[in-house]
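In structure tokens below, several structures.
Each of the next two complexes has chain A plus one more chain, namely chain B in the first and chain C in the second.
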Partner chain A sequence: MQNIIDVQGLKKEFKSFSSRSGLKGAFRDLFTRNYTIKTAVDDISFTIKKGEMVGYIGENGAGKSTSIKMLTGILTPTDGKIVVNGMNPHKEREKFVKTIGVVFGQRSQLWWDIAVQESFRLLKKIYNVPDQQYEEHMKDVIETLDIGPLLDKPVRKLSLGQRMRCELAAALIHNPPLLFLDEPTIGLDVLVKLKIREFLKRINEKYGTTILLTTHDLSDIEALCERVVMLDEGKIIYDGPLKELRENWAEGKQIQFQFSEEATLEELQHLTQEHLVVWEKGESDLVWVASVEAEETVISGVIGKVTAAKKIADLKILEISTEEIIRNIYVEGAVRHG
Partner chain B sequence: MEYISIFFQYVGQYLKTRLTYRADMIVEIFSDLLFQAVNLVFILVVFGHTNLLAGWSKDEMIFIYGFFLVPFSIFASFFNIWDFTDRYIVKGEMDRILTRPVHSLFQIVLERMELESLFGVVTGLVVMFYAGDKLGLEISWYDPFIFILLVIGGALVYAGIFIALATIGFWSDSRTDIMPMMYNIGNYGRYPVDIYNKVIKYVLTWILPFAFVGVYPSSYFLKREEWYTYAFLTPVVGLVFFLIAVTLWNVGVTKYRGAGN
Partner chain C sequence: MGKYIEMIRIRFLMMLAYRTNYYSGILIYSINIGAYYFLWSAIYGGKENIQGLSITQMTTYIAVAWMARAFYFNNIDREIAMEIKEGKVAVEMVRPYPYLNMKMMQGLGEGIFRLLFFSVPGMIIVALVFPIELSTNASTWLFFFLSITFSFIINTQINLLAGIATFFLFNNDGLIRAKRVVIDLFSGLILPLSFYPMWAQNVMSYLPFQGISYIPSMIFTEGFKGSQIYEALLNQAIWSLLLIIPVYGLWILAKRQLVVQGG
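And then the complex of A and B:
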């Protein structure tokens, strides 16, 4: 299978000006300026194959949007190589964007004042889609997204859920082989979310559309993506099947130890180094929580190692959710492969 | 060409939207007319005290004003980019523009056009015919063609200067008052440049060539042969400034930082 997206050593730095404080500082700023360089995306590499649905996750400011903007040709990379659909997105922007669809959850592609179908007609013209292809393809899209009754309403009169479905249709007018979705389900209710997920699955199956999706809602990822790429502070900290992530972590357990003597992170990590454990401090200095795989040998191994070396007052085993696991991974900073 | 067909699609859409807000459109045309009338009254007031200004008569001044209105209105209809930084850079609308397969500047022209301003072309022509009649000017068969060429040149001068200014937004999104200031400077172009001192004349000719929107091209029709070289330079200057501006724009787009970072 060919690579739709091929990213090597991608980097983006923003130079920003930091002002000094006070009036005196303002005067000094006039002559010499302090610039700080912030690396938003720091040397990331990955490839995505045709037909894949990939979840792109990370906290706010992790570099998700910046990298998506570089992949879609909006921003120029500081360094690195990007090939998407066989083109360099920024160099051949106008030709390139004909082969992608983009939905930014917080930004509308549609014209505010005019009816949805008029927006579609303008976009059809902009993308130069032949009538026949448009009719055939859009009829299907409109039916599946159930937006037929909304077509003659101006966008400003639509609810968020209705608008989002129209946005999705608008991004697909030229039937692109690659679709970028940035927070497509933000602020939507469960029913609309389900409808959108169903639709995405369908176009993925029917047209082999490759989808790269960023979201804060992990249930989206769980419903759609087999693979996740996780970013933190501009770096990829995990790239692999969601299944593995879940097997290693999500179906894991948390073991809460209450020690009767003080314990340090290094000490605990050293004790359990042969297992996959994320240690986190609990509510007091004496309480530590270990997140582990839900495997008997691991659980008893960890408990055995810890109790053999340290005195404990109490011990609890808890189930943990995916959300919590992802949070733990971020606190820890990196995913350690099992 | 594809761009022409996109252009007409947008114009159609624009008219459709505008016609649903009829009152809005009428108010806008009316206020435009009022603005032009005020400017004309200003010229008349100045000439209430004197009949000649640096060798230019009242009717000649009125003619220049009429000519100026034509390229200016065309510019005002299609290059509404005075709020580009605010609207497209700070609010991040440029993201959307850049995900579409049409040149970014062309899309902004399409999105921001205000065809009501084209009404100024009519006002300009009326003023020119009135003044021209008083001056006893004659029109030869080729004059309309030269007129169109000079008008396009003038509109390109305006567009070039304002596009170049808008591109500042790609480097710095801080607020500046440079756009309104430039609109004021632009107004100097409708008076004969020889009433100003040398420095201002030089600036209006070669740096911010607003003189190529009003006086210089009009002097061709006023048969002021001493200015003919400048008059025929109009399309060249327009093209050069416009091309420089578009080049700056294309470089600027690669410096776009996006919103929210």
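And then the complex of A and C:
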């Protein structure tokens, strides 16, 4: 399988200017400015193979958007090598961008004042798509995204969910082998999200489209991507399967008890002294959470002991969510490898 | 080529979406022309002509200068500035076309729309109210249209320069506004260049601005005759070519230091 994206030692630095204080400082700023060099992307390397769906995650300001912009040829890297679809994105921009599709969740690609279909028609001309191919491909896309009734409406009259589906269709007019999605589901409701996810899976299966997705919504990644690349402060801190990330980090389980009578810490510790349990008080005096190892004997042992001694109103076994895992990783700052 | 024609068409559609703006525009331009007409009637007093232009020629000059302005004038400098400020230029950069050419085509779409829906009806209204002399000479019309095409090119190139400057200045509303005043003044829109003092005329003959308004208006009013027309058109053609150099130079520099704002 060939590499669609090959990034080696990529680096991007920005100059950021700071203003001096006071009136005197403002005058001095007219002539010379103070600046500091900020490294947004710091020496990252990774490769993506054809047909992969990769989630690209990180906190705000971790360097996701900057690296996407370098991969799409918008920004010039300060240092490093990028080969995407066998081309240097920045050097061969016009030829290169014909082979990719891009959706920026926060910026519209469509022309605001004109009907959606006029935008499509213009994009078809821009990408030089033959009539027959357009008919075939777009009919399918329009049907799956269910945007047929929206085509004759101006973009400004569409809701966010409707617009987003149209944006996605617009990015796919030339059926690109590689698709960049920068927060495509931002601000969308669950139904639209599901529809978009289904659609992305479908084109990935049907055309083998490689997809690189950045998002803050981890359920998107869980639903779509087998592999995640995680960024923090411009560096890759994890690159590998999502499953492994979960296994290495979601070691324990939590059991939440809601008692119908008051319980004390000593009492509970005494009850479960055979096992390694960390008790924590929950939202009220009646709620206690036991963190235990994810082993069946331990879990059932703890539940058995506690329920035999005390009356409970409710019982929940919580698995640590991906979101929590990610949060833990950021708090600790590095990834343990298993 | 197809994509450029499509872009002109799209721009046309966009202008049609907001066509009501233009009815008020026609009124404003008519008032402007009217004000200048009365001003010039007062200046002429009883004189036959000033600086080789008769009062009718003068009125025609003013009317034509304003109507030609509707064609060559466009807001692409502001648009570029806005796209840079809002970070929309990122979207433009992932499209497989030369950004500047596409912007120029958008300007052309706007210009053609204004020519048809603004200048022509405007000119008819103005011709009914004020004494204007329209040439019956086919070659004058031909030279005029050739000349306003060059006007469009020169003005758009200057607009592109002002727009691209946003890459370096981040906020250049002041520059754009100053540019507009300089063009209105130095292009001969408000006052024919032959009315300026000799030293100013000398300076302006080395600047591209006279090619924007003065030359097409002088051709239309037949203030230029014979070889003067060819010289004037040649001047416009040279500036159209010459301005390509700074536009592309600045663009290459701008791309190198492109920082997409917001995100």
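Quick notes on this one:
The rule is short, and it goes like this: the second predicted complex is superposed on the first by the 265 of 338 C-alpha atoms of A that agree within 3 Å, B and C clash if a C-alpha of one lies under 4 Å from a C-alpha of the other, contacts with A are read in each partner's own complex, and residues count from 1 in each chain.
The definition used in the following text is that a contact is a pair of C-beta atoms (placed from the backbone, for glycine too) under 8 Å apart; a residue touches a chain by one contact, two chains touch by 3 or more.
Values in this document were obtained by computation on a predicted structure and should not be read as measured data.
With chain A as the common reference, chain B cannot sit beside chain C without a clash.
In the superposition on chain A, contact of A:Arg121 is made with both chain B and chain C. When both complexes are overlaid on chain A, the residue A:Asp217 reaches neither chain B nor chain C. Looking at the shared chain after the overlay, A:Glu13 reaches neither chain B nor chain C. Of the two partner chains, chain B is the only one that A:Ala40 touches; chain C does not reach it.
Of the two partner chains placed around the shared chain by superposition, neither chain B nor chain C is touched by A:Glu280.
In the superposed pair of complexes, A:Asp29 makes contact with neither chain B nor chain C. According to the touch criterion, the shared surface of chain A, contacted by chain B in one complex and chain C in the other, consists of residues 14, 65, 69, 72-76, 93-95, 97-98, 100, 102, 104, 107-109, 111, 113-114, 118, 121-122, 125-128. Taken together, the chain A residues at the contact with chain B in this complex read 14, 40, 65-66, 69, 72-76, 90, 93-95, 97-98, 100, 102, 104, 107-109, 111, 113-114, 118, 121-122, 125-128. Taken in their complex, chain B has these residues touching chain A: 2, 5-6, 9-10, 13, 16-17, 92-96, 98-103, 254-258, 260-261. Within the complex formed with chain C, the residues of chain A that make contact are 14, 65, 69, 72-76, 93-95, 97-98, 100, 102, 104, 106-109, 111, 113-114, 118-119, 121-122, 125-128, 154.
Note for the complex: chain C touches chain A at residues 2-3, 6-7, 10, 13-14, 17-18, 87-88, 90-91, 93-98, 255-256, 258-260, 263.
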